[in-house]
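Both of the next two complexes hold chain A, though its partner changes from chain B to chain C.
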Partner chain A sequence: MVTMDIDTLTERAGPRQFGPKDDLPEEYRKAATRMIQFHANSEIMGAYLERPFIRQAPSLDRKLAFSAKVQDEIGHGQLLYRAAESLGIKTREQMLDELANGEGKFLNCFHYPMTEWWETPMIGFFVDGAAMRRQATLKKTSWEPYAHAMDKICFEEGFHIKHGESILRELATGSRKEQKLVQEAFEEWWPRILQFFGPTDDQSTHHDFASAVGLKTMGNDELRQSFLNAYLPKARKYGLELPEYPRINEGENGRYEVVEDDLDWDEFWQIAKNDFEPGRQQIDSRRAAREAVAWVRESMETLGSGSNNTDTPQAAD
Partner chain B sequence: MSTETTGLGTPESLTDAEREAVEAELRPLADGEFVLAERYTEWQVQAPTLESDLAISNIAQDELGHARLWYDLLEDFGYTEADLIWEASPGEFRHPTLVELPFAEGDWADAIVRGYLYDAYESRHLHALEGTSYPRIADRVGKVLAEEDYHTQHARNWLSRLCDDEPGRERVQNALDRLFPYALTLFAETEHEDAIVEMRIRTESLAAMRGEWLEVVVPRLESLGLSVPASEDGEVLVDLPDQVGKDGSHTEHWPELLEEFTRTYRKLELGEPPRLLEDPNEA
Partner chain C sequence: MIWEVFRQEQRGKYHTHCGNVHAPDKEMALMFAQIQHGRRRPTHSLWVTPRDEIGEVDAEETRFGGTTDKSYRWASTFNTDEDFAAEIAASQREQEAAERERAEQDGGAERGSDAEQGAEEGESA
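Up next, the complex of A and B:
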């Protein structure tokens, strides 16, 4: 079989068009790996950020829901690493090692510390809501295993957002203290949430190729518009007041114009290089936890031939 | 056609003595599941592999679900979730101290040994509740038992694989040495033990359950090359720890854990924990 050339690839590119049976050029496989690995890493680091709130959840039901949510994110990571692995560029272990040693990149919002319960809807409602915008479009990505993973992920994310919204509603309709705390959290997180979709398209280095070969199906700007259209009214509905900065101008045709200069792009790019101190701490403490159980993985490798571990404990589902 | 079986009635119809005995049986059960789960969730996003992460999360959620079922039966007597958990003092909790001990970082062997010792006890305990005279418990045992099989399987598989090489076995042995005395707290009797057995709220005594537990646990652990400070015919070479939990005495780790998981509840001055799921009575 001859490796497909880029022109043919571009011409054929469409929803769920390519799979492991196609002999695809390295450029495509690398671009897809980069994108899916970033996505998988983000699931893991998002779960890492949220795990303390399993403990801090203020009721049995909330605790159960939080535990289930964090578990889902790990499951998403597992699915996505598999979809990335099927491109033949990197193994899952390589990607997990890269995430541990600080080479692996992940979403900007997960580089910030989250210490209080009333911050959780900022991730669980707004960031997950933003992620949902992007993920829904990825059901039509050209790498079929990725699109397939998105079916399950989007289904579960729907529940997460409902749970996030339920916590937000509880706080927003709660005591004056709760309302004040959730407003403060919103003001702190809002600029980061606006940066979720990155800078405008023309500054994004990898965008052109990823779009041409059907990996990405919608641009950052368009996604941000769609997010703002849906979530600004929701923020208002829960009585959250937008901070004065960053300014958001409402255009004539219902389009929102975020004044980009009001956002801290130095910090954004620092984060993109994993150089932002709080994010660095998240990465390092996760690495320490991962190294602390390295002995278990080593012990598993010495078992039999390693490939016929049919008695490996599995999740019940 | 049949001999009259003197079962207990509805929660409202119990005598004071019956009600005290039912509570004394339920409280350690509910707290035990809850606190075990609370510790298990520490492994989420920290387990050795993604697969083991998913599995331990499942188990934690099962145990939380069971805790919810048992707490709900305590609520029959007029307690609220806030009374039972969120506003309770450390000494009101009656879980065996085995489940409240912290994990040292990376000590997956502890999680597995603890789970194995606990699950082996729990399945015996549930079987001893299958013939309970209290209908509210009888209604729920089946559902809980069904999930426990998977937990036992999980713990057994992991025990064998960890004991398959020397460094792994050493870690398991260390965990076993540390945890075994605390596992005995699972069978610690309370002042209500005689009443519980006489009223057939539980059909077997804790002493008998301990004997059966040793018969199962000791040979299995020994077959993996571990040394156990007890024999399968009931001889135990270690003492109960000073804090057993079921009498309200706890290790220094417990108030700390309680403080952590009630942090949000206290900071928000909630007064009532948010309910999301259907009441188990309606489900």
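Up next, the complex of A and C:
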């Protein structure tokens, strides 16, 4: 089979158009790997960020929901590594090693520490809401195994976001102190949430190719716009006040315009290189957790190879 | 030798246990399974496996814990609105549909296994 050239690929690109049976050019396979690996890493790092709240949750219901959610997110990471692995560029082990040694990149929001309960809806509602908005568009990505992973992820994700909103509502309608704390958390997280979708399309380094070959189906700008349309009214509903900066101008026909220069892009690019100190700490603590349970993986592997060597049961015995 | 038989009704669905056959080897077991279990109900695929090879642990030996109320896992449990974002509404609809399908399958599987009881001997064709 001859490797498909870029022109043919671009022409054929469409929802769930390509799969492991197609002989695709390396450029596509690398771009898809970069994108899916980033996504998988983010699922894992997000799960680690929320894990402490299984312990810190104020009630049994919240504890159960957080534990289910963290379990889901780790599973999403595994599904995505599998979708990335099938592109033949990197193995799952390679990608997990890269995440441990600081080479693996992941979402900006998961580089910031989250220590207080009243911060949790910032991730659980706004960041996850933004992520789900993006993930819903990826059901139409051109790499079929990626789209397939999105089906299951989006199936589960509705619970996560509604749980996040439920916590937000509880705090926003709680005591005056709770309202004040959640407002402070919002002011701190809001600029990072706006940067979730990355730089504007004309500054995004990988955008053109990824959208030409159907890996991305919607640009950063359009996604942020659609996120603001759905989630800004929610913030207002719960009485959260937008900080003065970054300025957001409400244009005609309901479009929002974020003043880009009000956002800290130096910090964003530092994060993008894994050079932001709090993010490095989170990478390191995940690596420590991974090393602490290495014995489990090793014993599973030993068990697996052992049973392969013993005689398999003969059906007709 | 007894072989347990599992039927898959449609591509992509689970194989569920539907009865057993007596046969000296796997080829014969597959043939008897087709005759006894593949003709009367819609069948896409059949599995056979020697009864001795099936491991079992039951409620007398262990506590399964499957009685935990897991409603906290479902979007519909949280009474915030889902319609402000199409993707969240879609997620909740999918979860509700899956719940209905599970309920139907549970009912259907019990009726199915009752109907197949007693179909044990090989040469009924």
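Criterion: the second predicted complex is superposed on the first by the 295 of 317 C-alpha atoms of A that agree within 3 Å, B and C clash if a C-alpha of one lies under 4 Å from a C-alpha of the other, contacts with A are read in each partner's own complex, and residues count from 1 in each chain.
As a convention for this text, contacts are C-beta pairs under 8 Å (C-beta built on N, C-alpha and C of every residue); 3 or more make two chains touch, one makes a residue touch a chain.
Here the structure is a predicted model, which is why all the values come from computation and not from measurement.
Look at A:G77: by the touch rule set out above, it reaches chain B but stays clear of chain C.
Of the two partner chains, chain B is the only one that A:E178 touches; chain C does not reach it. Looking at the superposed arrangement, the partner reaching more residues of chain A, out of chain B and chain C, is B. Of the two partner chains placed by the overlay, chain B and chain C both lie in contact with A:L64.
Once chain A of one complex is fitted onto chain A of the other, the partner contacts of A:V296 are limited to chain B, with no touch recorded for chain C.
Look at A:E157: by the touch rule set out above, it reaches chain C but stays clear of chain B. Residue contacts after overlaying the shared chain place A:V2 against neither chain B nor chain C.
When the two structures are aligned on the shared chain, A:P233 is found in touch with chain C, with no touch to chain B.
Once the two complexes are overlaid on the shared chain, A:R55 sits against chain B while remaining clear of chain C.
In the superposed model, A:I44 makes contact with chain B only, not with chain C. In the superposition on chain A, the residues of chain A touched by chain B in one structure and by chain C in the other are 61, 64-65, 68, 166, 313, 315-317.
The part of chain A that touches chain B in the complex is made up of residues 44, 47-48, 51, 54-65, 67-68, 70-71, 74-75, 77-78, 81, 116-118, 166, 170, 174-175, 177-178, 181, 286, 288-293, 295-300, 302-303, 311-317. Contact residues on chain A toward chain C in their complex (touch as defined above): 61, 64-65, 68, 129, 132-133, 135-136, 154-159, 161-163, 165-166, 169, 230-231, 233-234, 313, 315-317. Looking at the complex, you find that chain C touches chain A at residues 24-26, 49-50, 53, 70, 72-75, 77-80, 82, 84-92, 94-95, 98.
Of all the residues in chain B, the ones that touch chain A in their complex are 34, 38, 41-42, 44-55, 57-58, 60-61, 64-65, 67-68, 71, 81, 85-86, 105-106, 108, 150, 153-154, 157-158, 160-162, 164-165, 167-168, 171, 260-265, 267-270, 273-277.
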